[in-house]
Amino acid sequence: MTDTSSTVNHNIDDNNEQPQKEAANYDEYKELAIQGLWKNNPGLVQLLGLCPLLAVTATVTNAIGLGLATLLVLLCSNITVSAIRHWVPKEIRIPIFVLIIAAFVTCVQLLMNAYTFGLYQSLGIFLPLIVTNCAIIGRAEAYASKQPIKQAAFDGLMMGLGFALVLIVLGAIREILGQGTLFDGANLLLGDWASSLRIEVLELNSDFLLAILPPGAFIVMGFLIAIKNAIDNKIKEKNTINEDKVIERVRVNFDS
Amino acid sequence: MESIINRINQQKFWSFHGGVHPPEQKTLTNQKPIKPLSLPEQLIIPLQQHIGRQGDLLVQVGDHVLKGQPLTKSTNPMAVPVHAPTSGTITAIKHSVIAHPSGLSELCIFLNVDHQDTWVERTPCNDVATLTNQEIVKKIADAGISGMGGAGFPTHIKVDTKPDINFLIINAAECEPYITADDLLMCEHSESIVDGIKILNKLLNPAFILIGIEDNKPKAIEALKKATAGIEKIHVCVVPTEYPAGGEKQLIQILTGKEIKSGTLPIKEGIIMQNVATCYAISEAILHDTPLIQRVVTVTGQALEKPQNVWALLGTPVHYLLSQCGFDNQGMEKTPVIMGGPMMGFSLPTDTVPVIKTTNCILAPSYKEMPSAFEGNSAEVECIRCGQCADVCPTNLLPQELQWSAKAKDYPQLNKLNLSDCIDCGACAYVCPSHIPLVQYYRIAKAEIRQQQQQELKAEKAKARFEARKQRLEKEKRARELKHKKAAEARKAAMNKATPEATEAKSAVAAALARVKAKKAANQKSPSSSAISAPVETTENQDNKKAQVAAAIARAKAKKQAKPAPEIDAKENAKVEPSNTDSKKAKIAAAVAKAKAKKSQEKAPIQGQEQNQEQTDSLSLADKKANAIAKAKAKALAKKQASSNNDSSTASDLTIASTAESEPAIDEKDAKKAAVIAKAKAKALAKKNKESNTDNKVSEKNTVNVEPRKVQNTSETSTINDTNNISDKDAKKAAIIAKAKAKALAKKKLATQSVSEEKTMHEQEKGAK
Amino acid sequence: MTDYLLLLVATVLVNNFVLVQFLGLCPFMGVSSRTETAIGMSFATIFVMTVASLLSYLVTTYLLVPLNIEYLTTMSFILVIAVVVQFTEMVVHKTSASLYRLLGIFLPLITTNCAVLGVALLNLRSHHNFFESIIYGFGASVGFSLVLVMFSAMREKLANADVPTPFKGAAIAMITAGLMSLAFMGFTGLVKL
Amino acid sequence: MAFWIASSPHNHNQQSTSSLMRLVIFAAIPGIIAQWYFFGWGNLIHIGIAMITAMLCEFIVLSLREKRITEQLFDGSALLTAMLIGICLPAFAPWWITVIGTIFAIAIAKHLYGGLGHNPFNPAMTGYVMLLISFPLQMTTWQPPISLMEIELSFSNTLTTIFTGFTIDGYSVEQLRTSIDGVTMATPLDTLKTSITMGLTVSETTQSSVFGEHFAVGWEWVNLAFLLGGIFLISKKAIAWQTPVSFLLSLFLCSLIGYTIVPDSSASTMFHWFSGATMLGAFFILTDPVTGATSAKGRLIVGLLAGLLVYLIRVFGGYPDGVAFAVLLCNMSAPLIDQYTRPRTYGHSKDLS
Amino acid sequence: MTLLIAILVFGLIAALFGALLGYASIRFKVDADPIVEQIDAILPQTQCGQCGYPGCKPYAQAVADGEAINKCAPGGEDTIKKIADLMGVEAEPLDESHEKDNRPKVAFIIEEDCIGCTKCIQACPVDAILGAAKQMHTIIADECTGCDLCVAPCPVDCIEMRVVPETTQNWLWDLNSIPVQQID
């Protein structure tokens, strides 16, 4: 989890160096980044896109592969949706968004089929299932369809990154616990040279199969969410400067 | 029904679900005769000793009352009277802790006993047959009889003739492990009880009368059987001992096998149940004209040296009963004393609690016999859903699920689980291995559900009223608009005849009115609309109605948002009260002053805008200052009443005088504040000026008038009050205002301290340009 | 016949969509806080999934394959599903207002329920024939519904449990799902197809 | 002297949860003794390890959650969980298996849900199943009954085997499991399953020495001892009779039907009753009130379901014994069953007008 | 060519489905959602405006349109829970800006201070204040919803909110609150 939080800080630092005149923009982007990576993380908070999240995270390689694919689709779909947002009739926007996403997914699918066939196979149906990743359609509907392209693209990037990060963390935990390795099968993603990336983290005389099996995925995910909650609670406790919000009361009387 | 009687004759009964067998402790008291107690020194008689309402007091402190004399009178069918249990003097009528689990106080009559025990005149009746049913019911009601088994439902309502009664069931089960009061009453007074039953028979004419009695009271069974020997209608039904066989629904189920539908009364099935003690009380009341003034109370528990049944006068404090039976605190720091049985009784918070009509037992257990009573709820651990509670529940509920939902305050779920059918018998908590005070959870939940239902009812009512009010306001608004129009026309006509000065004002007014309308059309809620309307009214101050209108304006200003209502109000006021000499005006002025003081610190910007127009075009700094002061004064107006004088030019003197009177600081602060306001105003004005030239013009025209008018206004109002005698009331009001002001000032101080007067004025000047 | 029955058992229990194959997790987490809602969702999903697997079979066999445009599989499936869902939504809205209210935003979300698309894709992958496709779709949705309803009953019970603060809500639900999945591991090898 | 305020009822039958738990633990003793008699020290050692782990774990969690440690630590529930895990584990399983399983059971299955009374799954079985699917190898190193063992096994030998994997004399677990006739031993259920898969009939299979004279050497007596303990518990009203009765009945019926249809590949009804963890499950695990159904009708249904599941998993499934899985599956369905089997409250009959 | 076929096929499917949906949308038309009424029924009808809306009905409307459900202070947790149930969302704690003291209160006019200005009468959303101009006013406690809207307008501060006293009728079985007294 520390991965994620440090990324947030990193982002903030980057943005801090931007000139003053872009302050408004900077705030907006900062907010988008925080929302995507931490506060409203699609995996941990919104609990969207759980299916691929749990299904393909038995190894880090798979996680990265799917994470990147999702990121790509999310980015493209956000941009497209934002670009055409003025021409889409309200009633049929959802089917249209879905079709746009499906088109991108098909592209990604074909790409991966061509270049990383091993990974394409090990991801199985979860690659086409990116279409139904609620995180993507959710962003398209909730954000991209109402914002200019730039923000939408950034939002897509951050949400996708947030999602990919959760995937990777989950994949890493499960792979370490279950097999004692990291980046096993990286060659599927990056080509043969990458098989040397494989790291033996733990030398276990017997694998902890639970972590790789479905129950383990659920349980590790549960713990991830709990850890996030715990960190949030800690932060909240620190900032308990009680600002007295004034209740703006509205009277019913004189103008009714 | 015949089959039921056949079964009963064979002594074959039904059974209810669940039930427990707590250890019997009846032997502590059931071998000793009922002991008549000596008279205590003081009796505490609560006005309400039953379910329903309390009666109206008939006596006063200091009255001497005789034994059996009614102390309250029932004006409501649900109220029963209480009577003096013995003769004596009433020393107090005040709130005192009553026999209720809450330990709260209710109105009680304190009776100092004179030890004469003099009866009021009684008219015994030897032959019940001579009385009509109505007379009997009335006698029962007058004797103050309410159910003596536990709930305390007024008996006269229950016995008022009803058609088609199949079963009259006399509840003699007395299933609580310690209580023997009914047992002994049956042993010693079975004849009277049967007399009572006969009277009930005459009233209700049931098909059968069943006496349900548990098999652990052999002597009482014997006595009853003997007393009812010749009566065919009456069946003495000996049922197995099991707690809570004495519950109304449980006993009905045991004896007749019938279930009473949830939420309905047994009468729907043609069944009426009465307690034996109630039967005894009825026979006493009818035959001997003795109201309900005493009852048998089992005083028991191993903490007592001589546990026994006693005849206790209603109102006898518990400590008297305990001391009569040799209470020993066993060296414990805290000892529970329980009113009622160990299963359903409640612990008493204090020993001054009096015996009431439903008190059948006072239990002082020793630690050895009832350790859990000493432990409170500390032994509670988590529920493991063992299901023992569900096994013993006489109403077949799921106590453990109820408990979960009750803890989670999930009321819809509780209703789904039929919490309302719980009879509080405590069997579940008795067996719970986790020592969870289940009944307590249910009671809290029930109370909260009841409260919620009441709130829902109230909400519904509130909604209806709110809707009605909205409609009414709508209607009034329309009417007012109409009136407003007419009034405006009338005013126009009047102004045409007025002095040139007034004419000048008139045109301003016309312009202002036009503006008002335009603005209103644009934005009804815009704050500026009232600000503008204010001057409109002010111009009218030249008339006699000045004072009222001034008040109205002030009020309008005080309003946080400008709305049409106050404006209209003002007009209405003006119409209603043309005379200035009404002393009430002072009140209004005072109120206004206060409101201003209060609001100004919060709402400075808005107010500033409002006052803006009057101030903009002030001719000189000095004037402005005067103006500010004058305005501040308006707030403190009421106070000035005492020292006010007619001359308008001395307004400032006035102010200073009045302020000095209350608090020298006020003046200064007010002025400061006004300055701050002016500053805010100046800014807003610059904008405004740009916006409309008309605005400027109007204010310019008004300028000359504004200043003197203000002062005049002040003085006028004070004059009004002067002409009246300054009553006590006024003085009081002034005091109140002063108080309020002081409050407001404290706040203001914080807000405005840093702003200097000069600076403000400078700013103001700028704004004017 | 036995084959079909075994296929059904296998899809419902052994390869349970939710607990073993990780499909349809979003509604599984989202609509499981109350049993009534879960039951409503179950019926909607059973209907949609059965119909969708049927239609997708038809589309694949009679459109995509003959025309040699299989690369459009994903797109055409999602189109089919979207329409079926939209249709179901309208029907539910008309016939049962309360059910519609309970399902709320989740009905349109069946579109993005990966189980529905998943079942169509898996049908394609395992080369199921027409009846197998329907049974597979039906079985998958029954399996989904079964665990969904059980899970919702458990969550209702858990709502009152004294769960440590960080675990409240989604975390404990996840772990519960994990333990359920653990239990479902017992069905491994039950049916050997 | 002041008065005490307490809620009614003021008396109590003086039973407590911890005494209930103790009763269950005591009732398991005959079974444990039988297990010790037939299979040696292994399970006793595991019970010990599990109990120590459970208490430590419980203590840590309770202090982390700032609960009343003294009362909850000694309420016996953790000990009961530990005992059940210890009984279930294979005798030669390495020590860390027990530790991991117990920690999982106490920390995750029990305390993540808020501790005793809140856990939806039986902690012991959750821990056991987790071990079973995570470490299939270690979890199937069953020990043959002592009477069939080639190497004599003392307490110290067992202890070193559990902690190091070898006896003092250096025999490995595999060697220990090899019986007199040179065959690696498995449990009767396991043996049966394997041989039926290999195409043998039941009667051929039961020739194997592990089955002994009746159903299964040792296992039958262990089960009988648990049955005894169970009957004692029912007589003490510590557990409800409905679950075990309907469970055993259901298992009996299922195996009877199977036996009638295909006698060649189906084990006898009594074999199902008296092998594996049947009796332990029936009286000590399924009856766990926290995770079971609450109403009488619900308990009957849960028992029936469990019997069916055990039979299905034993006969068709991938695992030799299905009790643990069946228990978890029943735990899962219990809340749903509860919702639909609520007893009719007094006064809520449909007949009443 | 394939591309053309693809486009053609898709167009065909789309047209077909479009027609189907179009038909369905007419055939299964549903009237407006009565959810606002249902939310309104849950709200306590104090009309206090603490939610930032003038009255309960407007807030109900706002909730239906997506406003936060945790703004009704008089209703408290319970109302929030009910709305959450109705709307199918997670219940959340009461908006922090609201005071926590949720005991039922009613307004009380200190009668000797009242000057009869009728301002409170105008402010009361449920007409629970009786009185005429220049007459002393009084509050019908049973009708008062405890919204405290009448407190601010009072020019002489003579209205205060008083906690409804505990009686045996409305006591909520809080045994811990009973003061225990000495026995002789």
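Things to note:
Note that the chains are named A, B, C, D and E in the order they appear, and that numbering of residues resets to 1 at the start of each chain.
The definition used in the following text is that a residue touches a chain if its C-beta (ideal position, glycine included) is under 8 Å from a C-beta of that chain, and two chains touch if they have at least 3 such contacts.
Keep in mind that what you see is a predicted model, and the values were worked out from it rather than measured.
By number of C-beta pairs in contact, B-D leads over the other of C-E and B-D.
With every chain reduced to the mean of its CA atoms, the largest distance from chain E is reached by D.
Central chain assignment: E. Criterion: smallest distance from chain C-alpha mean to the mean of all protein C-alpha atoms. Averaging Cα coordinates per chain places chain A and chain B 56 Å apart.
Averaged Cα coordinates give chain D a centre that lies 53 Å from the centre of chain E.
A straight line joining the Cα centres of chain C and chain D is 33 Å long. Here the spacing of chain B and chain E, counted between their Cα centres, is 22 Å. Residues of chain D in contact with two or more other chains: 1-7, 108, 115, 118, 130, 133, 338. Annotation for chain E: residues touching 2 or more other chains are 47, 55, 122, 125, 175, 178, 180-183. Chain contacts: chain A has residues 213, 215, 219, 252-256 touching two or more partner chains.
By the touch criterion given at the top, residues 108, 130, 133-138 of chain D touch chain A in their complex.
Within the complex formed with chain D, the residues of chain B that make contact are 16-17, 20, 22-23, 103, 177, 249, 253, 259-263, 329, 332-338, 340, 342-351, 363, 365, 369-377, 379, 381-388, 390, 394-398, 400-401, 417-418, 421, 424, 426-427, 429-435, 437, 439-440, 443. On the side of chain A, the complex with chain D involves touching residues 206, 208-210, 213, 215, 219.
For chain D in complex with chain E, the touching residues are 1-7.
Per the touch definition, chain D reaches chain B in the complex via residues 1-17, 19-20, 71-72, 75, 77, 115-118, 237, 240, 289-290, 292, 294-295, 338, 342-349, 352-353.
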